[in-house]
Amino acid sequence: MYSEQCPIDEQRSITESVFLLSFTSRAIARTGRPGQFLHIRVRTGIDPLLRRPLSIHRIDPQTGQISLLFRVVGRGTRLLKDMRPGDPLDVMGPLGRGFDLSGNFSRALIVAGGMGGAPVFFLIDALLSLGKQVTLLWGVGDGREIFGTDEYVRKGVDVRVATEDGSLGHRGYVTELLDVFLKTHAQDQSFRGFVCGPECMLLPVQRFARKTVFSWQASLEERMACGVGVCQGCGVRIRNQAEYRMVCKDGPVFDLKEILFHD
Amino acid sequence: MTDLTVRIGRLTLKNPVLTASGTFGYGPEYADYVDLNRLGGLITKTITLEPRGGNPMPRIAEMPAGMLNSIGLANVGVERYLAEKLPLLEKYETAVIANLAGSTVEEYARVVMKVQKHPRVDGIEVNVSCPNVRKGGLAFGTDPDVLCELVRSVRSETDKTVIVKLSPNVTDIRPVAMAAASGGADALSLINTVMGMGIDIRTRKPLISRITAGLSGPAIKPIAMAKVYEAAQAVDLPLIGIGGIMNGEDAVEFLMAGASAVQVGTLNFVDPAGCLKVLEGIETFCREQGIAKVSDLVGAMDHG
Amino acid sequence: MTDLTVRIGRLTLKNPVLTASGTFGYGPEYADYVDLNRLGGLITKTITLEPRGGNPMPRIAEMPAGMLNSIGLANVGVERYLAEKLPLLEKYETAVIANLAGSTVEEYARVVMKVQKHPRVDGIEVNVSCPNVRKGGLAFGTDPDVLCELVRSVRSETDKTVIVKLSPNVTDIRPVAMAAASGGADALSLINTVMGMGIDIRTRKPLISRITAGLSGPAIKPIAMAKVYEAAQAVDLPLIGIGGIMNGEDAVEFLMAGASAVQVGTLNFVDPAGCLKVLEGIETFCREQGIAKVSDLVGAMDHG
Amino acid sequence: MYSEQCPIDEQRSITESVFLLSFTSRAIARTGRPGQFLHIRVRTGIDPLLRRPLSIHRIDPQTGQISLLFRVVGRGTRLLKDMRPGDPLDVMGPLGRGFDLSGNFSRALIVAGGMGGAPVFFLIDALLSLGKQVTLLWGVGDGREIFGTDEYVRKGVDVRVATEDGSLGHRGYVTELLDVFLKTHAQDQSFRGFVCGPECMLLPVQRFARKTVFSWQASLEERMACGVGVCQGCGVRIRNQAEYRMVCKDGPVFDLKEILFHD
């Protein structure tokens, strides 16, 4: 784990509220794994005080370039979006335990909702390099937030898109795509499921997942202070575990079927 | 070279910078970022007799220049602390201070008794001030008589340094400080968090499940400074200043107000190597000002 | 259009945004920047029987997300207030609340008696909580019995709305709030500043001549929120929330915690038109959320 | 008095720590007077929270351009120096009562120390346009902080410089230049004195001034919150005045001989 000042290489807007920021850190590029996150200090000083957790969106191992995909939702992300190439980015990470890609499975089913798309690119890159067959179900509100899928389609990923505004793919929710998909694959042992998205999406996906024979991993979000398991702020309840698990340290990836939502 | 050592009760610390309980885990969690051997001391998360799961989520929220927490003393309990956590600190050469709490005077005494004999424990910090535990907790820190009795009972269990950590949520810190002194404390640390709360106006829910919580960070620094200054007028014990320290200059301010050492809390979350930068900042200040001994700064405010 | 009116005791304010005592002068000072007619109310600087010069300089200092002040109730005295200051407010259509203080119960009563009959005074705010006056001052706000007697005596002098402004520097705000209620207060406002201090480490001098001073600004908002929430559980009076309000969302937070109105203090210094932006922010929130009456937000926190 | 967002036109460094920043505000340019100050919010948000008072360095009435001359001493001025052309500057002002240039005098003696040079340019511009004869005694630590004097020399101003490092003009303090100057002019009724600088310079100048037959105006500095006389934070004691006067509202310019330093 590192804590460094990394120069920003590029800041690109995907929509008015979604941005793609890249910077260089060889150390993080070398050690980061899909599903891990970085803890970013968006400004020196005390406003805002705490770091912001953001998933690793993608890593270019050649150049050491790392990218983040984020939505502007509050003060921290607003300041992050205003950063410019050359500015130093204060980055701590890689943090947490990423997706577990070990073990026996040949097909990956990925369900992503909204900014849940952020960690997915890195995940797909890793799955493809392990020779897995990948299906991505990606749902967003606004079709313009879907980007970069061509590359994966070319690489053989089965990409299916749902948009609430109907501007791209299926009009509606990603869970509807999942429903259709599972009609034929729910009993297929060769799959492993991965899901990234807001809690309101994880909940219905969990219900679907519990009806499948294969295992699912979900990436969670919780408010964080330390990001390293020290402050005990980011707990989540896991079935059959007496104690809270910490999203930052024991996660952010957990066994979807075991997560107890709604504390 | 400035002499950085400070005496806190029966302990001599190599420098005046400690990490605050609950913000540095059991010690090794930040070892990737901080050379623990450079710390003046390390205060572990509050330990209670039985393990505690802590309060429901959400437990933390960001505030202007600060944060709220209501962890509720989540901890592994004294047995696992002794068996699993303290041994991890064996290889480090820094003072280890065990922060302890209970719901009754007897519980405090029992957990102190168990912990104090462990060779890796150099001192005890008694947490009488956590605003986030329902039973007891806060009352110990606000009622001088109860506090005096509690400290006396803890004192009788150990010969190691006993530090009493005070709450700022009182009308007057002086009688509380005096009660801890007369109970036999070797030193006082102050402050614990300040009671606060916040609401998410869109969901209308409190930001913290237990509604009120403890405020920490730079926002409380002026409050902590006033409490340290007032306590220094009231008692003759070494004080450890805590609250919103972000750099060496903040730490020096606490020393000048009357603290013999400081603890770094929330800063650890913001900058995992922050505590060492605080130490370096103190050293720089001493060098620039030609201060021979850091202890010369203690209470050095010029009253004019 | 949201109905913005709120009732505070015997008064109906056109909206819930008032300016806090000591941060808006006697009223017209900010008239270049603020259309005073748009304010829910205007609370003038604390007035005492005799003029006061206030404390020695320095009296203010910036803090993280806040400021310290120890003005020491510098004011023109009640006679000049009546003769020179109140007449300047005649042409404005906003509620004027006179904030008053004294060193003894009798002094409070006398200044209330003199001020309350002035036609331009719509209500009285009794300052029992200024941390910056040596004699008396703070004690009134921290001792429930003394406070109850004081409020009763003020109450007997006037039929106008009596608001009691509480100090946060107490172990528990509830008995203090209840004492003010049983003394006959129509409403409570809270909080006044939080005690704090700072030191200039290079000169070694305290940043404020009187050493300790009052902290205001965003830093204290979580503290103020907790006090308002606790007071709302304890008494059935309208509350006016004060502390670190910087925008409409902050104000709505106070309403949801149980305040019927809010006061804007330090923000005036940062943005001279800030109080109107707070008002506009409340209006925007109500519009977006389809709130018919701003009073529907009072205590609207969802306890879950 | 105005409170506006003004676009920054230029940011120029005089030395590593002294900067000249200009922005446009027709309203302030029209109403600002020498000796008045502006109250600047260097950053939105709460860090730092308060505004910073800075004197009007100069106004170009044609273009509405206003400049500030400031030294970086802490967080606020550091952030100010990092602002760039095009950034909006949050300015309140003009505030305070400036120099009184009315009445009977034909010669102006200006004593400036360090950043006390800031308000002096605007003062000289006004004095020259009133047809006064101007002498400027300007003392600084580092000779590079002396700039822009050529223009005034050309316009007939008698400029005398003292530098502590001896890099320009007299080596030593500006009070030494004053001492020399007053040897011949202390009894000259046609003068009016003006002095701008830190308190440690105002004190000795006050001693000299009290021995002259002419009147002196001094510009003071005090920590400020409101800047408009409301918070009562910036008091100064004036001889024969029972109450504190407020630097922001009753000043920043006061009769030098009457100021009671050291509260």
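Labels for the chains are A, B, C and D, by order of writing; each one numbers its residues from 1.
Keep this in mind: a contact is a pair of C-beta atoms (placed from the backbone, for glycine too) under 8 Å apart; a residue touches a chain by one contact, two chains touch by 3 or more.
Source: prediction; values computed, not measured.
**Student:** Among all the other chains, which ones are in touch with both subunit C and subunit D?
**Tutor:** Both subunit C and subunit D are touched by A, B, going by the contact rule given at the top.
**Student:** Going only between touching chains, how few steps reach subunit D from subunit B?
**Tutor:** 1
**Student:** Calculate how many whole Å lie between the centre of subunit A and the centre of subunit C, each centre taken as the average of the chain's C-alpha atoms.
**Tutor:** Taking the average C-alpha coordinate of subunit A and of subunit C, the gap between them is 47 Å.
**Student:** Compute the distance, rounded to whole Å, between the mean C-alpha positions of subunit A and subunit B.
**Tutor:** Inter-chain centre distance comes to 36 Å.
**Student:** Averaging over Cα atoms per chain, report the distance between subunit B and subunit C in Å.
**Tutor:** So the centroids are 34 Å from each other.
**Student:** Could you put a whole-Å number on the gap between the CA centroids of subunit A and subunit D?
**Tutor:** 56
**Student:** Would you mind listing the residues of subunit B that make contact with two or more other chains?
**Tutor:** 63-66, 209, 218
**Student:** Among all residues of subunit D, which ones touch two or more of the remaining chains?
**Tutor:** Subunit D, residues with two or more chain partners: 46-47.
**Student:** Answer with line, ring, star, complete or other to describe the graph linking chains that touch.
**Tutor:** Shape = complete; every chain linked to every other.
**Student:** Could you please specify the touching residues of subunit A with respect to subunit B in the complex?
**Tutor:** Spelled out, the residues of subunit A in touch with subunit B are 1, 3, 41, 46-51, 92, 222-236, 242-244, 263.
**Student:** Which part of subunit D faces subunit A closely enough to touch in the complex?
**Tutor:** Interface residues on subunit D, with respect to subunit A: 45-47, 75.
**Student:** Spell out the part of subunit B that touches subunit D in their complex, as residue ranges.
**Tutor:** 64-65
**Student:** Would you mind writing out the residues of subunit B in touch with subunit C in their complex?
**Tutor:** Listed in rising order, the residues of subunit B that touch subunit C are 63-66, 68, 142, 169-171, 194-199, 201-206, 209, 211-212, 215, 218-223, 225-226, 229-230, 244, 249, 252-253, 256-257, 285, 300-304.
**Student:** Flag every residue of subunit B that touches subunit A in the complex, lowest number first.
**Tutor:** 22-25, 29-30, 32-33, 45, 51, 53-54, 56-67, 69, 71, 74, 209, 217-218, 246, 266, 268-273
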